[in-house]
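Chains: A, B, C and D, in written order; residue numbering restarts at 1 for each.
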Amino acid sequence: MNTYCLATIVNHEEITSGIWKMELAASEIARTAEPGQFIQLYPPDKRNLLARPISLSAISEKSVTIVYRIAGKGTKQFSQLQKNDRIRIMGPLGNGFALPDQATKSIVVGGGLGIPPLLELSKRLGGNTEVLLGYQDIPFMAEDFHRLGINVHIASQSGNYGLHGTVCDLLEKFNPSAGQVFACGPRQMLKSVSAWAKEHSIPIQVSMEERMACGIGACLGCGVKIQKPGEPDWKYLRVCKDGPVFSGEEVVWDE
Amino acid sequence: MNTYCLATIVNHEEITSGIWKMELAASEIARTAEPGQFIQLYPPDKRNLLARPISLSAISEKSVTIVYRIAGKGTKQFSQLQKNDRIRIMGPLGNGFALPDQATKSIVVGGGLGIPPLLELSKRLGGNTEVLLGYQDIPFMAEDFHRLGINVHIASQSGNYGLHGTVCDLLEKFNPSAGQVFACGPRQMLKSVSAWAKEHSIPIQVSMEERMACGIGACLGCGVKIQKPGEPDWKYLRVCKDGPVFSGEEVVWDE
Amino acid sequence: MNSGMETTIAGVTLKNPVTTASGTFGSGREYGELIDLNRLGAITVKGVSEEAWKGNPVPRVAETQDGLLNSIGLQNAGAKHFIENDIPFLRQYDTKIIVNICGHTLAQYCSVAEKFADCDIDLLELNISCPNVEEGGLSFGTDPHIVERVVGAVRHYAKQPLIVKLSPEVSDITEIAKAAVSGGADAISLINTLRGMKIDIHKRKPVLANKIGGYSGPGIMPVALRMVYEVCHSVDVPVIGMGGISTYEDALEFIMAGAKAVAVGTANFHNPYATVEIIDGIWRYMKENKISSLEEIRGCID
Amino acid sequence: MNSGMETTIAGVTLKNPVTTASGTFGSGREYGELIDLNRLGAITVKGVSEEAWKGNPVPRVAETQDGLLNSIGLQNAGAKHFIENDIPFLRQYDTKIIVNICGHTLAQYCSVAEKFADCDIDLLELNISCPNVEEGGLSFGTDPHIVERVVGAVRHYAKQPLIVKLSPEVSDITEIAKAAVSGGADAISLINTLRGMKIDIHKRKPVLANKIGGYSGPGIMPVALRMVYEVCHSVDVPVIGMGGISTYEDALEFIMAGAKAVAVGTANFHNPYATVEIIDGIWRYMKENKISSLEEIRGCID
């Protein structure tokens, strides 16, 4: 059930330059939220008419935690909020990751700001999981994954941390076998990881991003081209309602 | 010289329900300001594109004081500002009252929010002055005029204070003689006072209000119909630049 | 049930004057999780065409200062899908159903109207801002002769009262409104979006894949209100006003300009409770100002 | 002197692409007390007519959310007064002079252009959004035939290069721009205001005495940018863009859409330093992005 409310900020810190972690007291949302779902945050300045979609990074009993990068006007305003300030939010939204029935081995692949939503997922997947994380330069949240007792592999494009290259290079290098892949990150990365998964015939779930207006499925703003098996042609599904998690095989990666 | 600056609020208090007095540190403005001039105050919320014109009520060496009523969105925002907050202002603007050369007797007539701008004027006019103030109900600032050692007469439309009636009734009742009348207040009041002055052949200066955009004479937003002696027809002069003080005889009071 | 708020459009009585703007509210399903759809005077659904339309490339929504650009491109699953899935859903609620229809040719418009002829819906809303593929792609809604012709043709197939929704991109909106009425419109709604653009100066490209999109939200309200006022003074049929309405005060401006009903669009995106807050606000205003029927203030601006 | 910012309009070189929008800056006198007029690429003055015009009743300005309504009614003291008082004032500064002219009849337009023929000014800007009293009061600027005719006639009397300023209240702005060019326009400027309205629900009357006024400011920028983009892609003469420009980022959007110069209007009212801050901002952007001439980014949106 979707809730629209004024949530209190219970923790807010800059975890690395320009990237913030915010914990919001929102028990109604926390109660039903699942990894891979997101919330809409409404900018305090009302000249910014649209809410900003941010994925849930951690879910506790009474709160949800998000990790976001200052990308523009809206996230800039969020970063200026203090502990105990309140902000309008709506959620949980969309369909999260489908967790495998049995304890199959999972590969979790994250790039940049695609990493935070994979934390709660990894927690639920448990031990039999390999996590591959790609950064521009300085890693963030890697310890959070470590702390789950999971194998974490790191790549950085700067070469300063872990493998010198992208998370896809990491994937090529390790070439791990698994029953399931989960990926979140930039479109090009998701495209490559999906190609890799296809090549190895491993089912893959990818979490997609698109510009949103309503965030709940009513405006058709957030289209992603999906071609279901057996369908003659693709059609636009809604990232906010039909996703953000899709099967990597069904996404039409043409753009 | 007109100055546009960020001024610090050095005092701010609600002097009576819904009416606020704000003292602004603005030495450049204070240095040249004259009674009857006004400043433009820019609302902090940038969705409100236009500045609000407010008359100077008192002028000291380094600061100016305004008294304003919460009338709508802009003044509401002003009232929420705290001491030490800063606000963008521009001024001093317009032409103030022309002070009589010698110590002729003056009558000062104010109605409602037309009263504040008359305080600095009365101070400069000095002892030989009668002040007539009209209120809806509870008087405000009357003591400030008293303190100048000037005769103050009061009327209230509620009848709870002073004469039961308007400041025009007060004028009719007293029928004072004088060399000069100064008036500020609602248009209808200014019209009546001007008629009274004309009847008694006393020169009158009235301070007018009109909606403004630029506040400095560039946009022609703030027209007031003025017919100068000897001119065949009226034309629109600018309240902000040619006024706000006009000769009551020259205003075309048709509306 | 707030008495005095009822309003009648072409014989159909809405319990209050607030509906949703087409395309901003789907068929109500999603917002129904947040608000009680029974509260609404009517639900106006996303545009429906004869067959499914795919829509435009993404990104297709973008924020501007105090407004929204969209280039959804009227994506929809077609009339058949709508009739099977959405009418039964909507009929569960105590609210009127306004079906917005679109087409790229005269024949498509007629065909979709015909498909709805025997359906259980209350009103049809004809969106004439669609690009007219037969006449070079300019909107159907900008030439009075074409407007009269398309309205007349659809009127012939439609069994429900017909609202014609006008494009604001014309020099004289009253001329278009009169053409729609002489073509057979039972009511007029306006305004649809104005076309706008925004450029990302860092990426040095337009924010929409389509470059140009429909501009909606508070930024268009002064234009919308002016046009609603002009149309209310030039035709005798009821007018549904929309364009930037976000608060009950905005809605009352349209009602004072003469609108029989108002539609809330973009505001739903920044406040999902906008519609019900507007209904409550109008009601409060009526109480506070001792207004027993909206007729007392409707069109009070002469 | 910031090199790389120069821009040439019909043979006249402005040192930077920023001018003022007619009617928002008087003849520069008042803003000259706050900013250095030498900084401006050009000053575009308030509309001047053959004889003095009185203007409309007050109130004639009103704020909307993120915009402004005005119904000044082109009050001005007439060409003679302007020529005697304002040209000598403006010529003291190192900036170009653009004189905006208006009329209610073809004859008035021609007459005012003729009065300026031998004056020391740089460019004439023809405002064709004026109500055409001979043709029932609709603006001159909405019919391509009338546009071509009035531009052709004025072209005959004008000795300076002629900018034609377009009204946005048309279905197809490119058609009007082409008509202006074929009538003899040396440059195009756009957009003039969109007509809008606002009602005070407490007083139950319009906020403007005239009811309807011209809508300007940030709220119109998406429409303005779209039209400037369309016109830049349909005519070969230089285009001056305006409508809602408040920041250097806004100005750059217009330049990327293809504008040779930009005009700042309503923004002066909420920030008297707007013009110079925009010039400084463009310059900073050029430095930061290693752009040595605006030509590198002008029209980069295809």
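Just so it is clear, a residue touches a chain if its C-beta (ideal position, glycine included) is under 8 Å from a C-beta of that chain, and two chains touch if they have at least 3 such contacts.
Quick caveat: nothing in here was measured; it's all calculated off a predicted structure.
Chemist: Treat touching chains as neighbours: how many steps, at the fewest, connect chain A to chain C?
Modeler: 1
Chemist: Which chains lie in contact with each of chain C and chain D?
Modeler: Both-contact set = empty.
Chemist: Could you put a whole-Å number on the gap between the CA centroids of chain B and chain C?
Modeler: So the centroids are 47 Å from each other.
Chemist: Report the inter-centroid distance (CA atoms only) between chain A and chain B in whole Å.
Modeler: 60
Chemist: I'd like to verify one number: the distance from the centre of chain B to the centre of chain D, where each centre is the average of its C-alpha atoms, in whole angstrom.
Modeler: That pair's centroid distance is 35 Å.
Chemist: Spell out, as numbers or ranges, the residues of chain C touching 2 or more other chains.
Modeler: 65-67, 218
Chemist: Could you list which residues of chain B touch at least two other chains?
Modeler: 46-47
Chemist: What residues on chain C touch chain A, complex-wise?
Modeler: Touching chain A from chain C are residues 23-26, 29-31, 33-34, 46, 52, 54-55, 57-63, 65-68, 70, 72, 75, 217-218, 266, 268-270, 272-273.
Chemist: Spell out the part of chain A that touches chain C in their complex, as residue ranges.
Modeler: Answer in residue numbers: 1-2, 4, 42, 46-51, 90, 210-224, 235-236, 241, 255.
Chemist: What does chain C use to touch chain D in their complex?
Modeler: The touching residues are 64-67, 69, 138-139, 142-143, 169-172, 194-199, 201, 204-206, 211-212, 215, 218-223, 225-226, 229, 249, 252-253, 256-257, 285, 297, 300-301.
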